[in-house]
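Presented below are the structures under discussion, each in the form of structure tokens.
In what comes next, chain A is part of two complexes: it sits with chain B in the first one and with chain C in the second one.
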Partner chain A sequence: MITFILKRLGSGLVVLFAVSILVFSLLYVSSGSIARNILGDQATPDQLAVKEAELGLDQPIITRYFSWLTGALQGDLGTSWFTSEPVSSALATRIPVTMTMVIAAMVLISIIATLIGVAAAVKRGWVDRVVQIGAIIGDSVPGFVIGIILVTILAIQMGVFPATSTISPGVGADAWVLSLTLPVIALLINGVTGGAQQIRSAVIKQLERDYVRTLRSRGIGEREVLFKHVLRSAAPAGLTVLSLQLIGMLGGVVIIEQIFALPGMGPLAVAATSQSDQPVVMGVVMYTVAVVIVVNLIVDLLNGWLNPKVRAS
Partner chain B sequence: MKLGPKAAAAAILVSAGLALTACGGGAAGTGAAAAKTATLTLGAVQELRSWDPAQAHVGHYLQPYQAAYDSLILREPDGKLSPMLATAWKYNETNTKLTVDLRTDVTFSDGAKFDAEAAKANMDHFKKANGPQMAQLTAVSDVAVVDADTIELNLTAPDPSLEFYLSQAAGLMGSPKALGTDAIKTEPVGSGPYVMDKAATVKDSQSVFTARKDYWNKDLQKFEKVTFKILIDLTARTNALVSGQVDATLLDPKTGKQAEGAKMNLVATEVDWQGLLLMDRDGTKNPALGNVKVRQAINYAFDRKTILDQVLMGQGTPTSQPFGKASGAWTEELENYYSYDPAKAKSLLKEAGYETGVVLDIPSVPGWETQLAVIKQQLADVGITVNIGAAITNTFTSDVAAQKFTTMFFSLFQGEPWVATNQIVSTKALYNPFKNTTPELQAKIDAVETGGKDAGKLAQEVNKYVVEQAWFAPMFRVNQMYYHNSKITVEPQVQQAVPSIYNYSPAK
Partner chain C sequence: MTESVETSALTPAPGTPAPGTSGQTGTVVRSTVLKRLFKNPMGIIAIAILLTMAVMAIFADVLAPFDENFANISKTLAAPDAVNILGTDSSGRDVWSRLLFGAQLTLSSALLCAAVAIAIGLPAGLVAGYYAGKFEAVSNWVVSILMSLPGLIVLLTIRAAFGPSVWIAMIAFGVLISPSYFRLTRSAVQSVRNELYVDAARVSGLSDLSIITRHIFSVVRAPIIIQTAAIAGVAIAIQSGLEFLGLGDPAKATWGVMLSEGFKNVYLTPTLLFWPAFAMALTIGALVLLGNAIRDALEDGEKIKHRRQKAHQAEDAATASATKSARKTIAAVEAGTEHHLVKVTNLGVGYPQADGTIKKVVDDVSFHVDRGEILGIVGESGSGKSQTAFSILGLLPDTARIVGGAIQFDGNYTVAPGDEKVSQERLSKLRGKRISYIPQEPMSNLDPAFTIGYQLVTPMVRVLGISKAEATTRAMKLLSDVGIVSPDRTFRAYPHEVSGGMAQRVLIAGAISCEPDLIIADEPTTALDVTVQADVLDLIRDLQRRLGVGVILVTHNFGVVADLCDRVVVMQNGRLVEEGPVREILREPKERYTQTLLASMLEGKEPMSMLVSAAASATASPTAKENVL
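Let's look at the complex of A and B:
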């Protein structure tokens, strides 16, 4: 078990390292205009040269990469070129907002998708058909469109929720809940419909297996068969889908945060990328890759815990 | 096993989620504002990079700084320059020394006194802080303290824009004690009408200011509380305005319709011009562009009014000149210098020997695909081929400087005449990458530089020259659509899409 975790963490570090080199070189290509973008149209060549030296842009890419890497390994991700804000503090204030949303959405997705998926698989008939149709609709409407529709109806016309975030220090938990409700709904609908579909087919597959018939023939109650045996065997499929959704959500949340003006990772990532603010982009990318690696690891561990067959392999 | 593993996993996830959801709570109930205070909440299009006054910018970016900092000179809504921290200012005869008298009754929010030493400290800091507008003080070689309330700005060469700059970024005065510290980057320390409420301010979300007690100029302090809510996304700004979360914000022609539906009031100002920059006027890379008749033909090919109506819902004014209406360089006669006349365009091309074969490579600009498609169509009608290239990226300023583009479609700010000249006409201008000039034009530019108070009028000659020589193919000045609700009144500010902070008042 420990070897497994260490192995996975090791390969995760290799991925992090490879991604850092790739992203750093991609950003290097567009770094030619940085000094002018910071100083404006009318800056003189001398002023540009001073700024470039200040940012270390006059150094060769290898030197720049290694100075970034040495810093990063010591926990110093540098400072934004444009705002002079330390990257670690920029991430520290934004990660809670984004992760609150993502985790809340994931928890709700797991619960709702499981309930709907199991209901569709067990009941079949019209329940199943409604779920199927709902899934097609849910899958085909992008989250940001759902977000805009929700804002128009619930915030602008009915005034139940704020149209854009009101999160700030000193506001109570109620403001967090009110500000995050619509974005979380916008985020989770695609996940619920997609997840329910997967869980439905996994449960149907399990229900057709011989062991279910054996269990039933021994007089074990339908409820116990379903929750103790079938769901456990169907869980790996569901977990894999959920982990993919969580990773996909890290992208989707960027747009949702823009629409709801939430001070999360989204605005930071968009601003930094469009300005080629290299230290910030590197910080955002490294963080995202780390989340993906950790999520995958957790899912593998959960799968092993739920299903001994997976553990063996 | 009593609790199934799946259920246990779900329980852990739920409780973790709930804990996280609640973690931002903090002290509840402290946010309730006192009743009946005049508050102003503005939807800002961008977060500031730094509150250091030397990092201040123009246009949209100036407004938040005005809450915290006074400037030496106040720019009135119509562009007139009035006393603020400076009570009077005067040039010497050669326009190379500006003597500025200062107020003596002003303190900064940290208690430091505003005086000549403080003003000098600010300008010295501005010159070396590498801010986005550092070019504003390029002409100033040094600042001398004459006495406690007088400074002298010594210039290496006359700069007709200097007084204007002192009403902008270069004129913002921060506490000399705070300049250059890390603290001022996140918390401004100025002498302005409002002070930051640091506890309520969140980076990338909102900056909150409260009225400063004993502010020296009560006329400019009309609200108890001013909040800048950062709303980068246009949809978010529209929703925030329409639902009453903000009192005013910047929209565009399309979202403006929605705001008008919700009974919001429009303040429209023309700030930028859109059009073609025919940059290779010596024909270095594209010989056809070296011929003035070809450039003029391009100008005659456009039905500006129709394009404006169709593409920008009529929000703007068709024009043939690159200089703005408020700049002093604008003239009525140049406004419709090139009317829509495809026949004339064709005959000019024929005279130039380019009846066929003129090809323009224009880079694409994200968001302006429609404009570019129309341009391509209208130029095709007179026999000019347009190839729309790859979209410009964030390296485009260095691409422009490296002469990568011979022609481009762009939107540019219409500033004061000397600012505009150095942006698009002089050999120092970024948007004159091929450094085109003639002795005749240079003489006109020199006249503007040394022209002092007559700079605007003298710049009319520069304007006339570049219009007649068809350096550009301007299309229109574009309306900036600033909307506000009826709780406040807003006076437009010339050359600014987002008005100065002094232009807002509570509605009576």
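Let's look at the complex of A and C:
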């Protein structure tokens, strides 16, 4: 168990390392014009040279990468080239906002998609048909377009929800929940329709298994068969879908935050991207990939807990 | 509509390779699939929408009244009129023209993305699937990395590195999404790599390249088309998202740029948002529908094949029933007069077909079982013997219908005359407690996620209402009763940790755990080794004698019948052919079908000698003795 976790964390570190090299070398392409971008068109060549030396851009890429890596290993991700804010503190203030939404959306997706998927698998008929059509619609409209529609109709036209939200600790729980409602809905709709579809087919597949018939023949009630046995065996398929959705959501949330003007990682990432603010881009990418690695590890552990056969191997 | 939705429900993921499109019939399959695709209204609508979009995109230069960037500064955010049929945006640019040029760039860049993904994923998947080895290991590692990168975050990095180019973004996204083609192709190739026709091609000296192109390509072709529809949709969505963030090229009109521009003016002219969002949803929706329709068309092809096979069987059944009229009719058990443990009267079970007819799998079957009696139901596979057994248990599939007759258990109807379904209300009180079931396949009938102990204890707790501790003690005793040497170890084990024979003993222990009056055993020995078979049969006989239960033994094996049963019922094509005491049937079978069955199954042995020797060996068997004690 411990060795399994350590092994997975080790391979996760290798992935992080590989990604950091890849991203760092990609960003190298754009670093030629950075000093001018920071100082503006009026800057003299001398000023540019001073700035480049200050940022370490005069160093060869290998040296730059290793100085970044030694810093990162000590928890120092550098400072933004444009705002001079340390990257780790910029991330620290923004991650709670983003992760609140992502976690809330994932929890809701897991619950709602499971309920809908199971209902469609068990009841079939019109419930099933509605879920099927819902899945097609969900697949057709990207999450951020749903966000745009929600904000236009419910916030701007009808004024039921705030259109933009600034989350600060002082605003009180009601306003906080209210301002996160629409963004979370926008984040979760695709996940619910897609997840329900997958859970539905996993449950149908399990319901046709022999052991379900045998459990019924033993006098085990339908509800226990469904929620204790079928759902447990269908769960790995559901978990895989959910983890893929979470990976997608880490990108999707950037757009949603932009739509609702939320002070999460999104605006930070967008600003850094359009300015080629290398340390911030590196920080954002590293953080997201680390989250994905942890999520994948959790999914593996859950699968092991759910399936004794996996646990053994 | 309903049809297409229902059938599309059957496949879990768009990536599932479609079966049944084997190499030799490739072109035939394709043309019929196309035909079926055009019969499906959803498919036609999807193709029509996509064609319209394509025409709009290709002829944008002709159709658009203005250049995409022509700005009429004096006419900004204008409502639709004769000149600007969809109005103008905040710079006074014509929305309709930008929508057309947007279609051009959006669609062609999405196609580029799919093309890049195919160019990487398809060959890599072919090689990894066909040759496996190191290449596959390395590709799997790369795939797992690519799949753990959030798409939009990567595109942000690419944008930071290379600037705002929709083409570069879509090439990068194509690389990132290529694992979906890789995995699809690899698993499709793996599944056909060892097929006989590929082996045959290899033996006949075809080179690997021509095997891949001729045989394997045709297998992956359809799934790849389906996958491409899905990926084009995702590409449009993510590309528009990127541009919506303001990270696209402002000089180029795409739907994403238009959305971004519309959102800036959402308080003034929300309709600016409508057209690009509508175009996007329409296109992605059409792609999703097209993917579903192709999948349906492929699956319908499968169904038609199956239906043809079934039609053959039906013909057989028809000829069989024709010869049947010449036979003696069997004296059916009359309903209601005498009291039996189970009485099945003129039972009919059928499955509704797509064309509205009902296919009967059990037809006019009557028999009875008493306490302390073992009744054998014999027949070849497809004779309806298992379906009959499941109707008594009330465990028929959801789609099954009772089309006639009745079933009584201990004098009460579980299927009353005229019922369409088995009464679950009545049977759920009987199942486990008074009727139990020993399945055929030991491994698949235990839930792999729970210990054997749990699966023995819980039914006792639920059905008998005893405590967990008491149930555990009983479970241990049951396990040793069925001849398991170390019950406590088996009790703690998971199903995958025990052998098939052991699992079957566990299932038998489960079946008798609540002291039922009737045990229905569906081919309880078919999946077992010959040596284990004898043990399990001894076990059933011994339990039956000790507990005085009635047993229905479903089997295709007359040897088992001779060994165990008191009476026997012979079934063929859903009908009852012959019924009587085992000795009579074995000694002088009246029906030709029974004679054929006997001849084929006893392999020329004298029926009587078989019976005697089997009985003698049974009493000598150590397990049997142990259990009697």
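Worth a mention:
To be clear about the criterion, the second predicted complex is superposed on the first by the 311 of 313 C-alpha atoms of A that agree within 3 Å, B and C clash if a C-alpha of one lies under 4 Å from a C-alpha of the other, contacts with A are read in each partner's own complex, and residues count from 1 in each chain.
One rule holds in what follows: a residue touches a chain if its C-beta (ideal position, glycine included) is under 8 Å from a C-beta of that chain, and two chains touch if they have at least 3 such contacts.
Note that the structure is a prediction, hence the values are computed from the model and not measured.
Partners chain B and chain C, once the complexes are superposed on chain A, run into each other and clash.
After overlaying the two complexes on the shared chain, residue contacts for A:162 are found with chain B alone; chain C is out of touch. By the document's definition of touching, neither partner reaches A:70: not chain B, not chain C. When both complexes are overlaid on chain A, the residue A:268 reaches chain B alone and has no touch with chain C.
Applying the stated contact rule after C-alpha superposition, one finds that A:211 touches chain C and leaves chain B untouched.
Applying the stated contact rule after C-alpha superposition, one finds that A:142 touches chain C and leaves chain B untouched.
Shared-chain residue A:106: touches chain B; no touch with chain C.
When both complexes are overlaid on chain A, the residue A:276 reaches chain B and chain C alike.
Judged by the touch definition given at the top, the superposed model places A:50 against chain B, while chain C stays out of reach.
Comparing 80-88, 350-358 or 368-376 from chain B against chain C in the aligned model shows that the clashing stretch is 368-376. According to the touch criterion, the shared surface of chain A, contacted by chain B in one complex and chain C in the other, consists of residues 29-30, 148, 151-152, 156, 232, 258-259, 270, 274, 276, 306. Residue ranges on chain A touching chain B, taken from their complex, read 29-30, 32-33, 36-44, 47, 50-51, 54, 82-85, 90, 93-94, 96-97, 99-100, 103-104, 106-107, 110-111, 114, 148, 151-152, 155-156, 159, 162-177, 180, 227-228, 231-232, 235, 258-261, 263, 267-268, 270-271, 274-276, 302, 305-306.
On chain A, the positions that touch chain C within their shared complex are 15, 18-19, 23, 26-30, 124, 128-129, 132-133, 136-137, 139-142, 144-145, 148-149, 151-152, 156-157, 198, 200-202, 205, 209-211, 213-222, 224, 229, 232-233, 237, 244, 247-248, 250-252, 254-255, 258-259, 269-270, 272-274, 276-278, 281, 284-285, 288-289, 292-293, 296, 306-309, 312. Every residue of chain C that touches chain A in the complex is listed here, in rising order: 2, 5-6, 8-13, 144-145, 147-163, 233, 237-238, 240-241, 244-247, 259, 263, 266-267, 270, 273, 277, 280-281, 284-285, 288-289, 292, 390, 393, 395, 398, 428, 431-433, 435-437, 439, 441, 444-450, 455, 458-459, 462-463, 494, 496-497, 507, 510-511, 513-514.
Interface residues of chain B facing chain A in the complex, by the touch rule stated above, are 4-7, 9-10, 13-14, 16-17, 20-31, 47, 49-50, 57, 130-135, 138, 185-186, 199-206, 208, 229-233, 235-236, 239-240, 242-243, 245, 393-399, 401, 422-423, 428, 430-431.
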